[in-house]
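Next, two complexes with chain A in common: one pairs it with chain B, the other with chain C.
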Partner chain A sequence: MSVASRARLDRRLTELGIGLLSAVLLIWTLVPLYNMVRVALQGKEDVFSSNVFPTAPTLDSFATAIDESYWLLENFWGQMGNSLYIGLTVAFLTLAIGTLTSFTISRMRIRRGWMLTNAALLTYAIPMSFLAIPFYSIMGKYGLTDNPIAVIAVEVTFATPYAIFIFKQYGASIPLELDDAARIDGASPPQIFFRIYLPLMAPALVAIGTYALLLSWNEYLYAFLLLSSDGHITVPVGLGKFLNSDEAPWNYLMAAAIIYALPPMAIYYAFRRKMNSGLTMGGVKG
Partner chain B sequence: MAIATTVDNPAVAPVVSRSVRRSPLAGTDRLWALAFVTPYVAVFCAFVLYPVGYGMWLGSDVASYRQLLADPVFPSAVVNTLIYLLVAVNLKLALALLLSGLFMRRGWWCRLLLLIFILPWAVPGIPSFISIHWMLNSQWGLINNAIWALFQVDGPPWLDNADLALGSVIYAHVWKWLPFWTVIFLAGRMAIPRELYESAEVDGAGALDRFFHITFPLLGGLYLVCTLLSTIWALGDFNSVRFISGGGPALSTHVLATLGIRNAFELGNPALGMATVLSALPLLIPLVVLLTRQLRRGEVQL
Partner chain C sequence: MSRLSRRHALAGLGATGLGAATAVSALRPRRARAAEPVTVWWTQGFYQAENQAVIDAMATWEKSSGTKVNLTIMNGPDLISKMIAAMQVGDVPDLVHAVTGDRFLVPRAAWDDKLVDVSDVIATQQHEYHQTALESSKFYNATLKKHSYYSVPVKCSTMMEESWRPLIEEAGFSDKDMPTTQDAYYDFFQTVQDRLRSKGRRIYGLGYSMATKEADAGTLFHAFLVAYGGSGIVLPSGKLNVDDPAVRQAAVTALERLTTPYKKGYVPPGAINWGDVDNNNAFFAKQIVMTPNATISIAVAQMEKPDQYYKQVITQGIPAGNDGKPVPSLLGVSPCLIPKGAKNIDGAKALLSAFIQPNTLNTYLKETRARYLPVMASIIRDDPYWQDPADPHRPVAVEYGLIRPTIPWWMNYNPAYAAVLSEQIWSQAEANVTQKGMTPEQAADAAMTRIKAIFERFQIA
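Right after this comes the complex of A and B.
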């Protein structure tokens, strides 16, 4: 066999391997998502059948979710609103607290800045669910039972450490000479913060804002424990309630779940590049 | 710190170094710094220190540990937690490392495949987990329907058998988090200079040689940090177990995170729940210490 045909054979085999691997990956990735869509398109009687593809696909379940015309979906849009309100507040507070802290640690060089960094690292290393039990009691003491503020507080607490890490890292690329020049011109720390630091941090702000918004949109455990009344719960908690009911309206559940999943997916794909660069910023150094 | 090299005017340099560099912070700047860190310090004290302290106090009663050890569910939850951490985390990261190599390839196909591949990460966890739970239903689920359609045999009772149910939980975890870690390793691989591979190829190194002698040694630090972080996160993972198996059948697939919540809220015994969670500390503390040490070496940043 000549060298050239040998190389061609090698390339063919590689392509075949990649093709097979791609097929396996596609099936692996899409099966649970296909199942979501399949069930959402089924009619009520169809749910308990042994077919793999929907026999009579219908959009009724989506209509039911949108009209809130099923008792478990009574307040679906209200729950979407609660999720959005909590998510936006968490994103805003995470950005505000995270930037102020990282600005003080790395640009004002306070003497005990390392203590704040270690505090953030400690928080980052505590599994979120491990604090659920004391958190629940403490929120009762603060008088915040069934109050969205309680959920916002937890999510800000757990989103801020990561925000501080990323801001510190990203901020290192902004020359300190800018601050110094502004100082010489008589700028006060808040002026430097708002006029120089924040505008130059914009890409990191987008990444972390998205991160915090998605973190709280997706959060289940704390919302489940801390919110109880129908008017306050978020969508994941509402979806979880389906599983406790005796009926099993899986088609409605999946339709509502898809509607709930679409906004974060759109945000995710729109900000993908910024998110990825934020998440993997300096994944390996040197 | 070499401010003098960038400030050309010698008359300015000393002023700068005195006001900004030498003395830590003076006068109003100090007040501003205090004001700026107050929100974070307040959040940390009110929502980290206080709950941690309160949790420790709740879990300090020896009687609840005695009660915990007498509970037959506890040993199985410990074993499940260990299996879950060892299998799910390592399987997921090994696959992620290998797959990141596939996505390093150029061409439209691999780029499109990556866009589809990261879907599980982009879709919120709860809908996916609920879908997987129903998909694995032994009577009406998609998987067993497909097995029946293809082979005319009944599929296994995925969630009604303790081992299969734990396996299903591990499957859901790997499915959900594989894309995230693949993207992390992909970024790590992209930071490796291409010339290393090219010169290795010239020297006649095969694909395996290149992986074991270039990729792995250079990504080793990152891989270790990812393993530690992922183990810590998986230790606190509540949703996978809660929504895939619900701890069942017959409480056989509980892990410490879900058992703690069950003991505290379903059984109404917060002290017992806290004791359950705190029994993970002998595992959590060494992991955190290792992680901090690894991060401090500075090779890998978060």
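Right after this comes the complex of A and C.
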């Protein structure tokens, strides 16, 4: 066998190996999602059948979730509204606090600003779940139990340090000369912040905004601990009620879960490009 | 051990009337206190009507008392976690109904003096209550160094056995062929599996959880423990009794009898990771012929399909011992409790006293579709619903839960046993046999060593 043929064979074997590995990883990743859709498309009785494909696929479960016509879904859209309210508020506050802090530290060059960034990142040394009881206690003292503000406060606390870190790293790629030029033209710090800093930070804002939204969108522990009444709970807590019964209608649960997954997916795909550049730029200084 | 006979129940009713009425009236909140609302956390029911019955009962009381009720219904595990957090920080509701509270909440909270003594509420229905339900509501307070009522029984249940009649018949048997004693009963389903498999069916004869999570595996282990003579694992004095050779042998036998079918392939392999819902699902999918369950919820789930409910699903109580003598059922009692620090204790007691009126309780319990049983004699005696002979499931549950001998769980004697259940020590012992190659003797001894260590922390004076 000539050298060229051997090289061709090696290349083909490599490609075959990569193809096989990719296929396995793809199946591994997609099977849970496929199962989710499969269960949602089946009737209650067929949910635990061993059929790979639904025998009589139906969209009834989705209709039930949309119509709120099953008792555990009777406030589904209200819960969706709560999730959205909490998610958007968390995203907004995280962006506001994160950008203002990073601007103050890196653009206004305050002394020992790095200490603030590092101190904020220290909060990640303690897992979120460990702080559940202290947070519950604090919110109780402030009279904020069963109040969405409590969940918002907690989520913002956990999202902000990462936001400050990314914004600070990303902001370092924006030349300081722009600020100096604006200052010579008479711009005040707020004007520099709103007219120069924020527009140039757009990719990082999108990335962190989406991150903060998803963090609160998928959060369960604090939402269930701090919220109680049906009028305040979020969708994850509402869906958790399905698991109370030993005859849970999994098809409704999966249909509702798929619907709940759509807004973040839409947001992700809408801002995909900006997100990618925001996250990668945040990781490389200069 | 107690027995609730119909005669006993009749005798109790008359004596109760006057006293109960007096006590309830004493607990009724005065109008002057009406301004303070009562905050209630209630475990979510399986059915919408079950929740609605609670909402209606609260609304009725609200109207009659003039006191507002802030009712929150949440799922069981969440409620327990949330209550533990609430008690830690002292921001608690006034009244709580936690279905698994008898295991995971009340024993430790009573020990730590975090619950209000509700003996006065119990007194309003003292003579109505099933004796085991009453025993199940007494817990030890380590601060006050005494046992007292720290929970009010609302409903109860015992382990039942569910099986598919068509599958048993397909294997060439009938109901009459089903043995009635412990070992023979469980062996029977292994024979059924062999016969069905020989016909090409991919099925398991037995379907029980062997997981180290949730409640089902622990419930079954303890039913086996009692069946093999281990009911004295904790003495009524609260003293641990695992060194009793009879108890040790019962534990070893229970482990051996539960793990051997698994190792031989008579239990689905996935059962080592089953949640409480999974045996139900496997049963509905006819992947298993029989399954033990903490209530009759499996049969009840088929209620809207008359053929399945009345003809295909068989409900039985636990088998007799191998000697043919009846084995007492462990009675799980779902309690209501009032945490210390509650803002309206009087209101909570008044609401609870109204809720446990037999009529109110019966209306609520019927909406559970008999998944849960009444804890009072007059309810099953006065309402034919509970012992309707046309129903193949409900009267069986009543028979085993309320009429035949029952015993309380051991955390009533010592809260250490609640920790034993929380740590899933016996389920872990099963896993040690099935997955780590231990013998049942080794696994039992390891479990008992751990249990002794836990009991060291809970010394009853």
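The rule we apply is simple: the second predicted complex is superposed on the first by the 271 of 286 C-alpha atoms of A that agree within 3 Å, B and C clash if a C-alpha of one lies under 4 Å from a C-alpha of the other, contacts with A are read in each partner's own complex, and residues count from 1 in each chain.
Criterion: a residue touches a chain if its C-beta (ideal position, glycine included) is under 8 Å from a C-beta of that chain, and two chains touch if they have at least 3 such contacts.
These figures come from a predicted structure and were not determined experimentally.
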Combined model on chain A: chain C and chain B, fit or clash: clash
Partner chain in contact with A:140 - chain B first, chain C second, else both or neither: second
Contacts of A:49 with chain B and chain C, given as first, second, both or neither: both
First, second, both or neither for A:71, with chain B first and chain C second: second
Chain B versus chain C as contact partner of A:22, first or second or both or neither: first
Chain B versus chain C as contact partner of A:32, first or second or both or neither: first
Contacts of A:132 with chain B and chain C, given as first, second, both or neither: both
First, second, both or neither for A:245, with chain B first and chain C second: second
Which partner, chain B or chain C, touches more chain A residues: B
First, second, both or neither for A:228, with chain B first and chain C second: second
Doubly contacted residues of chain A, that is, touched by chain B and again by chain C: 47-49, 132-133, 136-137, 225, 240, 243
Chain A - residues contacting chain B, complex: 18, 21-22, 25-26, 28-36, 38-39, 47-52, 96-98, 100-101, 103-105, 108-111, 116, 119, 121-138, 153-154, 156-157, 160, 162, 164-166, 169, 176-177, 179-180, 183-184, 188-190, 193, 217-218, 220-221, 225, 236, 239-240, 242-243, 250, 253-254, 257-258, 260-261, 264-265, 268-269, 272, 276, 279-286
Partner chain C, residues of chain A touching it in the complex: 45, 47-49, 71, 132-133, 136-137, 140-141, 145-146, 224-225, 228-230, 237, 240-241, 243-248
Residues on chain B engaged by chain A in the complex (per definition of touch): 3, 6-7, 12, 15-16, 19-20, 24-25, 28-29, 32-33, 36-37, 39-41, 43-44, 46-48, 50-52, 54-55, 58, 99, 102, 105, 109, 113, 115-128, 130-135, 139-140, 142-143, 145-146, 148-149, 175, 183-184, 186-188, 191-192, 218-219, 221-222, 232-233, 235-239, 242-243, 246, 257, 260-261, 264-265, 270, 273-274, 277, 280, 284, 288, 291-292, 295, 298-302
Chain C residues touching chain A - in the complex, by the definition given at the top: 41, 43-44, 46, 48, 72-78, 81-82, 85-86, 88-91, 276-277, 280-282, 284-285, 287, 293, 297-298, 301
